[in-house]
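What follows is a pair of complexes built around chain A, which joins chain B in one and chain C in the other.
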Partner chain A sequence: MIKFLANNSHVIEKALIIILVTLFSAFFIFAIFNQAPHSNELQVLTLTQLDKTGVTNIVTAVLLNYRAYDTFIEFAVFLVVAIAVLPYIIDTPVLTFTLQEESQVLLIAKIFIPLTIIMAGYLLWIGSTKPGGAFQASALLAGCLVLLSLANVQVINFTQLRYRLLMSSGLIAFIAVILLLYLQSHSFLTFPVELAGASILVIEFFATFAIALILFLCFESINKGHA
Partner chain B sequence: MKRVAMILKVEVNLINNFITIFSIPTLMILPMVIAIICFVAGNTRLSRLISVISSITLVVICALQAGYVLQQAAPIELIIGGWQPPLGIRLSINEFSAIMLLMTSTIGLAITFYSTQYFDDDEKEIRFWPLWWFLITALNGVFISSDIFNTYIMLELLGLSAVSLIAIQGTQQALQASFQYLLVGLFGSLMYLLGVAIIYRTYGVLDNQLVANLVESNTSMQLALALITLGMMMKCALFPLHFWLPSAHSNASAPVSAMLSALVVKAAFFILFTFWFKILAPVVTFTAVTIMGIFGAMAVIYGSYRAFTSPRLKQLIAYSTVAQIGYLFLAFPLMFTTPDLARTAVIYFIVAHGCAKAAMFLAAGVIQKAMGHDQLSQLQGIASQLPISIFVFAVTSASLIGLPPSGGFIAKWLLLNNAVEAQQWWWVLTLFIGGLLASAYLFRVLNLAFTTPTQENSLTVLAISESKLLGAVGLSIITIIIGLNAMWLTNLITGSY
Partner chain C sequence: MELSQTNLYTLCSILLFAIGLLGFLLNSDFIRKLLGLNVIGIAIFMLLLAAAHTYPDAIDPIPHAMVLTGIIVAAAGTALGLNLASKIAKFARLVQKEEAATQAESAYEKSSNDTQGRG
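Let's turn to the complex of A and B:
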């Protein structure tokens, strides 16, 4: 009996896991459907207050005004990731800026990068009215950097002061806005209606670069790890 | 005379104003600004200087807040951005969180001071400071948050900065331990998030108070509580899910171990406690709390046993944390019958254990540095070489065992008293066995420290300054003071409910 168990331990383990996961899922589905969802009063509330937020897109309003505090901490999370990953970049030597032979990737990069940068700028700008904003724009910018990196063009030396500054710029801009608004309104993270749109744009502008750089840093840490 | 009184009044008003309007955001923004400066400047000297200064500032702010909250017996609240709760986020500091914040800042100051002299490798230290300050930001954030989703984001910040802090040690074991910790932390956070999602789906609100007002006992809330409990049990390493803690806490550098054991696991416990007895209180049943109590009791016995058999000093202390976390869960079944007493006991225990464990890890760090290792078998006779470290170790041991007049004694006495009052005497047995086992494993170390080494393995101790232990000595004195002034503290805590 014991021998049988020992020989088939993998199968038994898998079977147990499958049984447990199935039971859990069944209970989960039962519990979820047992209870009616809420009546979404919050969305109505979000819409009625929208004209006081300085933006007209509901998602941007939630992210950078109603629950701006969450986004603020989220920027800090990004920076922590950057600090954690950074040492693994420093250890590897940085190639100098060399345009080697015309590879296909470089060709693609030359065509797409200018377009993508314009696209990123557009996404950032329309964030206040339509779906878009800092996160989407920074993903595009990071894509440009990744394309350059694949074409063997090294443009960023992460150890330099200015890149450290740029990576923290999203958070720095956010803190600066918070402190300036504090002087004006004596309350934490309150955007006055007339300044809200501009403040949000400033934060998003810097956050775009910061997040793009951090995303690229994460890519590079894996990329260099393999090389 | 009148004028003096008037000036005093104005000043009191100013301080009150500061506390109610400015102090809560300062708790978040100050450490974050320091973190950014440390990161961008990348200069160890500057980092040390501003770190010590801002740690002291934080202690002052937290002391003012705690004084205000305990005196007024009303929480400090802040509605962010002027958006009332279902729409916006509310922050609040109640008695429990005020004491946790004060403890965070005090232990933080002791460890910050220690860290200014701990690292002998500049590169490690440059990485350490920004992450350290983000960790403090996250801890403050967890304690002041009054919104279940915001708590999740704080947990994320807390988990990631803690993982990175373990990883800067750079050794193979540390990297492995931090990776395991990362996976455990992610699992824990995701379970928590799933629980939050279920609560939001059912009631459509995220504010602690609003959820608490709406919640009733039904299957989906039971599921939410189970998921959140699973996630937080993982993060605070309660017995069956403690497997990651010993390697993570024993392989990190001493200041990081101290912070992880003293505060980071307590943050997860704080969240769990808030959910069980405040937010989802109607869902909690007697069976559930008893199960948690049994897990706690098992943790006490298992953790103590493993501590007794560990070959390394830091591993011993890490297993002792597993055991001490168990005591906190013994209060769960007691919360059901005598909530006020049990809450006091829990807060008291957290403070006593936090201070003692932080100081103990700091002392162990000095011992490890001086010896070049922390194998218990070769620690004979270190008492003569490292008197302050052993002094700190001995005093904090007394507190962990629960010998009078330490804070640990009072904490255990409160639990014991409480268990008798709640007519659940069987928990007392665990307290006794745990105390005996704790004395067994801690005296094992002290016994070795005071024996004269035999000729063949005479001590080779590096000349190392013990002056960095100033903060640790301070913490061990605090454990004694809270033991001697027990009535004052317990009255303060219970009086404010």
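Let's turn to the complex of A and C:
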């Protein structure tokens, strides 16, 4: 019996895992469908207080006004990820800015990148009223950079100070806005109604470039760092 | 329990969670583990989005904001994980090479010392 168990330990382990996961998901489904529908107190609050936030899109209001603390710490998390990923890219030799022969990726990039940049600006601007904002715009910009990287065009040298400053500009802008508003109103992370829209736009503008650069750095560290 | 769109989303997200968990637990490969973790993350986002739909014509914005930030954090975390995995692979390759070199060395020494017996 013990010999049988020892010989088939892998199979038994896998079978146990499968049984446990099945039980877990069955319990999960049972628990979720037996739960009473949650109350909408928070949703009503977000809607009634919307005119004090400086924006009219609820998701942007939640991100940068009601729960600005979360977003602030999230920017810090991004910066930490960038710092953690940066060593993987530093050793690789930096190519000079040379356009290689006309590859198809470069042809696609030439057509799509100007359009995508315009679209990113539009998404950033529209974030105050409609679905859009810094995260979507930065994803588009990072896509542009990835396309350029695939076409062998080296645009960004992450060892230079200006790109590092741009990478941390999201957090720096956030801290600067918070400090200025703190000096004015002596309350932490609360935007006065008349300044809320402008300060949110400033934060989102810098956050767009910072997040785009960090996402591109993540891509580059995997793509080029281990070639 | 009627099968409305929200319920379908919830069900699918739980199934996706189970698939991701199995992929994470049953594979010993780092990249497959990472893919499993990603699938788990996407399942949780899907669950949050399904939970955000409370009753017709109303959407809870707070889970939406959480998912929006969560997607990008997940992408950054995956990049970090992949970097670490490839670092581990590089290190393992280095160790293998060194082991092979030491084995060859010891074999050479044995053969030079004793021509009759070989280890």
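A few comments on the model shown:
Following the convention adopted for this analysis, the second predicted complex is superposed on the first by the 225 of 227 C-alpha atoms of A that agree within 3 Å, B and C clash if a C-alpha of one lies under 4 Å from a C-alpha of the other, contacts with A are read in each partner's own complex, and residues count from 1 in each chain.
One rule holds for everything that comes next: contacts are C-beta pairs under 8 Å (C-beta built on N, C-alpha and C of every residue); 3 or more make two chains touch, one makes a residue touch a chain.
The structure displayed is predicted, hence computed values, not measured ones.
Chain B and chain C, once both complexes are superposed via chain A, fit side by side.
When the two structures are aligned on the shared chain, A:178 is found in touch with chain B, with no touch to chain C.
By the touch criterion defined above, A:45 reaches chain B but does not reach chain C. After overlaying the two complexes on the shared chain, residue contacts for A:105 are found with neither chain B nor chain C. Applying the stated contact rule after C-alpha superposition, one finds that A:79 touches chain B and leaves chain C untouched.
Touch criterion not met for A:146: it reaches neither chain B nor chain C. Judged by the touch definition given at the top, the superposed model places A:195 against neither chain B nor chain C.
Contacts of A:70 after superposition: both chain B and chain C are touched. By the touch criterion defined above, A:168 lies against chain B but remains apart from chain C after alignment on the C-alpha atoms of chain A. The superposition of the two structures on chain A yields an angle of 70 degrees at the Cα centre of chain A, opening toward chain B and chain C, reported in steps of 10.
In the superposition on chain A, contact is made by A:59 with chain C only, not with chain B. Across the superposed structures, the minimum distance from chain B to chain C, using CA atoms, reads 6 Å. Across the two superposed structures, the residue set of chain A contacted by chain B and also by chain C is 28, 32, 37-38, 40, 42, 46, 67, 70, 74, 77, 81, 84. By the touch rule above, chain A contacts chain C in their complex via residues 14, 17-18, 21-22, 24-25, 28-29, 32-33, 37-38, 40, 42-43, 46, 58-59, 61-63, 67, 70-71, 74, 77-78, 81, 84-85, 88, 133, 135, 138-139, 211, 214-215, 218-219, 221-222, 225-226.
Contact residues of chain B toward chain A in the complex are 21, 24-25, 29, 32-33, 35-36, 39-40, 42, 78, 80-83, 86-89, 123, 127, 130-131, 134, 137, 141, 149-150, 153-154, 156-157, 160-161, 163-164, 167-168, 198, 200-205, 218-220, 222-223.
Residues 1, 7, 10-11, 14-15, 17-18, 21-22, 25-26, 51, 54-55, 58, 60-62, 64-65, 68-69, 71-73, 75-77, 79-80, 82-83, 86-87, 90 of chain C touch chain A in their complex. Listing the residues of chain A that touch chain B in their complex gives 27-28, 30-32, 34-42, 45-46, 49, 65-70, 73-74, 76-77, 79-81, 83-84, 86-87, 161, 164-165, 168, 171-172, 175, 178-179, 182, 186-191.
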